[in-house]
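Take a look at these structures.
Heads up, the next two complexes both have subunit A, just with different partners, subunit B and then subunit C.
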Partner chain A sequence: MIAPHPDHPPKTFRIRVRRQDGPQAKSYWQQFDVTYRPNMNVISALQWIAAHPRTADGKQTSPVVWDCNCLEEVCGACTMLINGRARQACSALIDELMEHGSTITLEPMTKFPVVRDLFPDRSRLFNDLKKVQGWVPIDGMLDLGPGPNEPPDTQEMRYAMSRCMSCGCCLEACPQYTLTNHFLGAAPIGQARLFNAHPTGAQLKEERLVTLTGPGGVSDCGNAQNCVKACPKDVPLTEAIADIGRQATVHSIKNFFSGG
Partner chain B sequence: MADSNTRVIVVGGGLAGLAAAARIAEEKVPVDLFSVVPVKRSHSVCAQGGINACTEPVRQEGFSEWDHFDETLYGGDFLNHQPPVYEMAYWAPKVIDLMDRMGVPFNRTAEGRLDRRYFGGSLFRRTHFSGASTGQQLLYALDEQVRRREAEGLITNYEFWEFLAPVLDAQGDCRGIVAQDVRSMEIRAFEAGAVVMATGGCGTIFGKSTMSVICNGAAAARCYTAGAWLGNPEMIQVHPTAIPGEDKCRLMSESARGEGGRVWVPAMRTAGGYRKPHPDAGRDPRRIPDNERWYFLEEKYPEYKNLVSRDVATREIFDMCREGYGVGGGNMVYLDITHLPDATKNKLHAILEIYEKFTGDDPRQVPMKIFPAVHYSMGGLYTVYESGEPVKFRSGVIDKLRDRMPPVLAEKLEKTRRNEQPKGLLPGSPFNMMTNIAGLYAFGEVNYQYHGATRLGANALLSCIFDGLFCGPSVVNYLKLESDRVDPDIFDRAVEAEKQKQTELLERSGGENPYELHEEIGRWMTERCTVVRDGAGMAAPHARFEEWKQRCKRVSLYDSAMWTNQNLSYTRALGDMIRYAEAIVAAAIERRESRGSHYRTDYPQREDAKFHSTSVARYDSTRDQPVIVWEPVPSPMVQPRARTYGKSQTQAAAKT
Partner chain C sequence: MNGSADTSGAIGGKHHFLLRRLHSLSGILPVGVFVIFHLFTNAQLIRGGEHFQHEVDFIHSMPALLFIEILLWAAIGFHAALGVVYTFAGAQSNTRYYPHWDNWRYLLQRITGIVALVFIFLHIATLRWRWDLAGWYTPFFTLGVTPEGEVVNLAGVSTAVALQHAWWVAALYLVGVLSVIYHWSNGLWTAAITWGVTITDQAQRRWAWLCGGLFAALFVFSAAAFVGALTLTENDQNTHEWRAYRYMSEQRRAGHVIDLHGKRPGDRVSVSALPDLPSTENESDG
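Moving on, here comes the complex of A and B:
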């Protein structure tokens, strides 16, 4: 158990929040002194602020707005910059953060438009899943018998890819992915690999590769490898990018020789 | 038929909502899908262990669909209606096949076939799984199919829209909904031929639970106060193994026990062979020798061992802690998987990772410390269905609509009834899982069907997907019923009413803090109305709830912005949660027996003569209170029997 202050737990700790009232508004900073309890995470600190929306200098303010749902790091909603690093607020434990200083800084993700405060608009990420056709094109939902057999090692690879919860950490960490460009980024490329590896999913492989070799596709990757380090679910993103890169090369060569 | 009558609204983007949306869209019926979070972030992602089905290899091991049906009834302590459970059990293998075709990465055997694991309430290996994040994987597969239909233009996704109310016409039939964009705060009405509620459970009424923050039951409560009934609202499942936390309790899946995990407490034997709490109960568990560990579930339930039904395991753990056996004398017991081989631990990776991230301890090395937490709502919106044998329901919604069915559809259904003689549900009947309000359906956790008084592990994912797949065509057939042209004014009026409510909310003052009030209600509900209940503990509910309602009216909002005002959404939901909570407590008081998850110390026996009945909660709008009426549960196939899970009789003596 991480408990750096067993003898002298602090009474309060400070949270610094970069706030923004709306998408067009200018951002500003507010600080809050939060009452310390053992085993807190950033979510419970934000909940405390919601219940006591008073800044450190005593001014009444509005509760901080943020996005969250499952609180167990599986839905991907509560991603924000915590001390400068994109991660989920639910699994960011206060005791752990306080080992690095008594003030914790929260900011919204920078690669997505801000809705309000720490709440980003990540609709681009979901739209990009449409671009790479991230699905298995089944005939329909009637009972047509079992799916294809799958060796355990393929299942393990696909399971690892399929744990991507569209949180956006990899995109926030990526130097090539910006607020205004069209790079797909690691997460959708990983999903393309996931579906290309499924026998029925592979029916759309060529179409996916057309997208992935086009503008914003896999060749825009600068190989910084930040994505894989930022991923909270250890999704093998660089492996996926390399694999899709190889598939794209084969696809291009095939097209070259078939005059495509 | 007007255009809007050919559309369907689905509220909720978890497994049930997505399965319904995809299935209905496949019939070329356009769907408007509403979800307060992006559907991929729905609470279904938190389901870990797996999904039950009698697939072919399980059958060859001696299991059958009938067994699945029977153990679901036994688990539910026979409070479940039998035809829907029958249909679900016999349909389950089709659900697995379909999800398999959609590319769900189910764990595989060496030959590449679907692997299975043991799970609670069964002696058979009938649970199919994808690591320890099965719900996430199933949800993603359906999310992907919905995205595909969205790209084709058949499904319109309204993400970040919150359901505020159903819109009812002069006859009381559902003709659409009012919803609010939680970012822009725009309030709008949406018209539809039918509305499917797939809004999940109500765990946050208890403050901290294993549920996600959106699982507050507010959507169900808004239907209830509009006239929809609740069925068995008092049936709330408390999961035996969760990590208590500051903001929520995090689930530690039953799969940990299904894969061989053992539950124990430190204990020592006295001279007479009796046990007593160990004086040094806070020791490093790795240094506690085996003879000072009490594997109490294994000892008390020699047949099911650690895999007894959840309510049973929960009460045993709860009792252990009350008797002083808890770790360090507190409210925790050990869930131990340290002895399992690495390959098995890898199958549990997703949950072990959660435990390690949130506690800092590695559960591969050190036994996990767990305690029960509110987990699932068996009760929910009351629904009806059609079976081979007619069933009489209190609501009368079926009788009311029968005349409106076009002859072609009536004949088609009659032919199906003749040819299939369904013991389960009549496929395609427009009444399957319809609430007492015509045109308003309830699918998934918010539907009170299937699980009776306790849900078996790995039946939730099944019932949610089954509802969407099987009853989706029922909704499509409802659109074929004759209906009057809708008066457009009802939508304007409904929007106006919601805007007025909002204005009134923003103007409230009195200094009451909504978050603190919620915490207080949650604490009260958890203490009085979960694992152990009694009449005295829940006494005088009217005064208690009246006080909370009044205080809710005195809440002061700290945020008056008309842009992404979470303070407002939260406070509005709190008022609805209080109404739902009141129905839970009212039914829990009136059910003077013990059955499944509902355990009354003052009425410890099951009383079939009086209470083999659904508690139906109706909202009395003049008194702002619930009225509970009882509807007997028929037993067309299986007669209720005693539910003991083979508890060893000699064990009572082991307690000092």
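Moving on, here comes the complex of A and C:
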């Protein structure tokens, strides 16, 4: 990508942050004028603010809190709203953002409780991954031997699903997923598809489908299809939802006629 | 860890999934199939009142009509009640930051659902139940009788009177019918995902062409009915029908129900038993 003004870089740019001092506190806005350096991203801008915690009107303040880990868009920890849309701060380049205006707005995701400032508590997402048992069951006392072979087309589909990093962008973008309801959302449904398609993971398929045909399961999808557009990893989430929808249809019909 | 989920706060509790799927099914099958049938028969209005009358008489001659009607009421009531709950309990539209077509389609589905519900209610209240809503009185009669006692067909004229009542009634029908056909064709598209019929993006796109085609066909049917109803005006050939319509609606408004059960067009009935009404000259059909 090309910087907006390669010959005349700006001296500073403005960051507008929605801050919140604690989980129950009210949010408020603060603005910071950050000194421009080439190739900055939102994380390095936040690091600059941490080193210079002074608002644009000269008031001393506390450093802005955020979460991050890998800094290469594979962990999902630094997901936040950047100019209104959920994405990772580490791969949000200042030069690109400045093509759309000299002020960059940062907010915490709205579908998760806020711990502080830009740091959300994503526990619900991880609990929901546990609910759909997003794993291959290999724990136990017996040697299970080598895993069964996977046909190449299953491998290909599963590889696409496995790119999910549980960042929460799909949930933030989803109009059916709210702070207070019970919808699992796209990411856990995608992981259920990933592990249902694994020859060993399929041992838990029926159990996963019990959860997925329960309250907050796949039937709460409203087909706005924002998830697949918001996904930074191009996970085919809408295909996963349709596939799990098919599995849920088969599961519930089978259950109707032969279930307990 | 077993597969049980937290059922607190979810609509329908442990029947949540079943209710959602029945909501989908009730919208597609009874309601949707009825809407196709209804709009297709309406479209005959463009060929003239007598063709439309033929369709109306055919529907009225169907066996177990009451059973069909009850089934439709149950399906519409169930679909609408759950739809209103699903729309207002929890959905947070966000087209500002995610202005994709699919996201607008999602929002439109909810708006058209509510508009369709209001429209269908008004449509049935005026034409079926013959409510007088603050002067908006356009009852539907299959058969009517002239003040001289001649039995005539009134399905076409009744529809024309209803739609020509005022500009806002025509506008309501246009918006209402567009909402209904959008809601159904989009619902058919999403139902294929819900039930797991279309899985890949390509399959969903192919199915979208089909649903779009259905939307277009239903729009053509509705437009034909619309044009037919708005252009059916009083002339030398049908003036006795218009006079019969005015006579019937006045009698009905005054609380006199004229029983034409078993009568056929061309029959003569005695209307002398009915009280005299003021001259119809001051009455307008508009």
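In this text, the second predicted complex is superposed on the first by the 250 of 260 C-alpha atoms of A that agree within 3 Å, B and C clash if a C-alpha of one lies under 4 Å from a C-alpha of the other, contacts with A are read in each partner's own complex, and residues count from 1 in each chain.
Following the convention adopted for this analysis, a contact is a pair of C-beta atoms (placed from the backbone, for glycine too) under 8 Å apart; a residue touches a chain by one contact, two chains touch by 3 or more.
The structure displayed is predicted, hence computed values, not measured ones.
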Three-chain arrangement built on subunit A, subunit B and subunit C clash or fit
fit
Identify the partner contact of A:A202: answer first if only subunit B is touched, second if only subunit C is, both if each is, neither if none is.
neither
Given the touch rule stated above, what does A:L93 touch, subunit B (first), subunit C (second), both, or neither?
first
Quick one: classify A:R85 as touching subunit B (first), subunit C (second), both or neither.
second
Subunit B, subunit C and vertex subunit A (Cα centres) - angle in steps of 10°
160
On subunit A, which partner touches more residues: subunit B or subunit C?
B
Classify the contacts of A:M141 with the two partner chains as first (subunit B alone), second (subunit C alone), both, or neither.
first
Which partner does A:A56 contact after superposing on A: first (subunit B), second (subunit C), both, neither?
neither
Quick check for you: in the superposed arrangement, does A:K130 touch first (subunit B), second (subunit C), both or neither?
both
After superposing the two complexes on chain A, what is the shortest C-alpha distance between subunit B and subunit C, in Å?
5
In the superposed arrangement, what residues of subunit A touch both subunit B and subunit C?
130, 133
Inside the complex, what are the residues of subunit C that reach subunit A?
1-7, 9-14, 16-18, 20-21, 90-94, 96-98, 100, 102-103, 105-107, 190, 193-201, 204
Across the complex, what residues on subunit A touch subunit B?
1-2, 21-22, 37, 39-41, 43-44, 47, 50-51, 53, 60-63, 65, 68-77, 90-91, 93, 96, 115-116, 119, 122-123, 126, 129-130, 133-138, 140-141, 143-147, 149-152, 155, 158-159, 162-163, 165-166, 195, 198, 200-201
Subunit C partner contacts - residues on subunit A that touch it in the complex:
81, 84-85, 130-131, 133, 173, 175-176, 178, 180-182, 206-211, 213-217, 219-226, 229-230, 236, 238-239, 241-250, 252
Name, in rising order, each residue of subunit B that touches subunit A in their complex.
22-23, 26, 37-38, 40-43, 45-46, 94, 96-98, 100-103, 105-114, 130-131, 133, 136-137, 140-141, 144-145, 147-148, 150-151, 159, 183, 212-214, 245-248, 250-251, 350, 354, 357-361, 469, 513, 515-516, 558-561, 563-564, 566-567, 570
